[in-house]
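First the structure, in the form of structure tokens, and then the observations on it.
Chains: A, B, C and D, in written order; residue numbering restarts at 1 for each.
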Amino acid sequence: MHMVRVTIILIISVAGLFNNARAQDCKALEGDWKNELGSILVINQISTTGQLIGEYKSSSGVDGKVFPLLGWINNYNTDTGGVVSIAFSVKWKGYSSITSCTGTCSNDEEGPKIKTLWHLVRPDQEFEWERIIANSSTFRPLSR
Amino acid sequence: MHMVRVTIILIISVAGLFNNARAQDCKALEGDWKNELGSILVINQISTTGQLIGEYKSSSGVDGKVFPLLGWINNYNTDTGGVVSIAFSVKWKGYSSITSCTGTCSNDEEGPKIKTLWHLVRPDQEFEWERIIANSSTFRPLSR
Amino acid sequence: MHMVRVTIILIISVAGLFNNARAQDCKALEGDWKNELGSILVINQISTTGQLIGEYKSSSGVDGKVFPLLGWINNYNTDTGGVVSIAFSVKWKGYSSITSCTGTCSNDEEGPKIKTLWHLVRPDQEFEWERIIANSSTFRPLSR
Amino acid sequence: MHMVRVTIILIISVAGLFNNARAQDCKALEGDWKNELGSILVINQISTTGQLIGEYKSSSGVDGKVFPLLGWINNYNTDTGGVVSIAFSVKWKGYSSITSCTGTCSNDEEGPKIKTLWHLVRPDQEFEWERIIANSSTFRPLSR
């Protein structure tokens, strides 16, 4: 009886370790995140100064190619209840556009989320006033 | 032989002088740009892949400090009449915020301008819905 | 005489039941819609010219009061696959703010949704550049 | 000599009366305002509850037609140094779009200005994520 209980505790611990090794969260953002349209934000590296480097795989309008991105995280303030500022820009190589996403990483009942507003600039539009489109995008950890 | 070498050195020097005197424009963005509030965008370097590195000196709310910025230019499309996409993000070191500016460099009757919309994320606000502020900002070459 | 009065009352009741049972959708927007924060958008009336009149009950920051709103729908174009433009502004009476929501009504697998971006202007902020906040909000029919 | 002085005073008074009758400002917004692109915002009427009714004459993309607009002003807060919240939406009749402008009326060294950010929704775009464009627009009194 005593032996069985110990075994169960060990299994839970091992599962916890594997889980920790895989799950991205707002303290360790590196990994793959997916938004509501199925696009994938890959955060490859965050430097000690907060520089963020990664790739973006859009699900819409660009034939599934991969595009480079860079940006920042800012977790200076510890009064924010664990909320981290994040911003990144995607260069749409082979097109003339750039998208900048700006927002936060925080936790809700479903887990960590990167919630952003974005601006996409498209210089090939007829009128100057129609060159920037705006919208929102929320990313969740991609389960592997 | 000796005479020829001297001549070449002189030509390079003169070119260097002219290069320093050259004003920033949408084809050579490196230099200082000033917006309507008096903030200075310093573009230090643009890599061959379009990565932009620089500094931001805000005129408002941050005591005149200097903050690092990074981003992209995208001049792929030649059908845009010389309009170049530009985006950069400023990390407000010592605060918890990031600002992302997104827009274009183009020319009007006053010369080159970097016209952007921006989002500023501030995680230390009470409500989640009030964490992102938005506005516009236009930069002109700083006359030296 | 007595019989007639009873009949009239019954007809009114039945009409009331049918009216309550009808679900709001993008062709008949009148009714209550709820967003992800629990705020209620009440669309009371849409005129023949597309003017929209209603009320807003915010779940956050204003103590559950009700605020007037007005705006437009635009369903002119029939090439949009049933997507309707919608915009409305809420006057935060007793405060100094106004919020404008702008977006579309369309259908997805969960049913109709009013998907908007919004700007909220707050003139009582210290700096001019921090007076407009931005975010997104999606409303679904409130089940009754 | 005395007669001449009186005459001059009378002329100044009459000029003052005409000037008062014409100039829009943040306390009396009714009148014509022009933005940087040459579009005209006509504010016809502001009700006691702050409802704003007017017309918009765009300089770009719609062949110089006139479009109806409605919105709000909010001047509740007297702690804002005379800054008034303003928002209005333009229904692009004959198209499928709506534009919402949101911002403030305030004074600077050039006089009163209505400074706004706007969202324009266009449901006839191919992808849902490209249906909202964003930009800024500042209106000044149209001199007549």
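Side notes on the structure shown:
As a working rule, a contact is a pair of C-beta atoms (placed from the backbone, for glycine too) under 8 Å apart; a residue touches a chain by one contact, two chains touch by 3 or more.
In this text, all values refer to a predicted model and were calculated from it rather than measured experimentally.
Annotation: the chain C:chain D pair of sequence copies touches via predominantly the same residues, more than half of the used numbers being shared.
Comparing the centres of all chains, each the average of its CA atoms, the largest separation from chain C belongs to B.
One simple way to say how far apart two chains are is to compare their mean CA positions; for chain C and chain D this gives 26 Å.
Between the Cα centres of chain B and chain D there is a gap of 32 Å. Of all residues in chain C, those touching 2 or more other chains are 117, 119-120, 131-132, 134-135, listed in ascending order.
By the touch rule above, chain C contacts chain D in their complex via residues 49-51, 68, 70-77, 79-80, 83-89, 91-104, 106, 115, 117, 119-124, 128, 131-132, 134. Within the complex, the chain A residues that touch chain C are 117, 134-136. Only residues 37, 60-61, 119-120, 126-127, 129-135 of chain D touch chain A when the two sit together in their complex.
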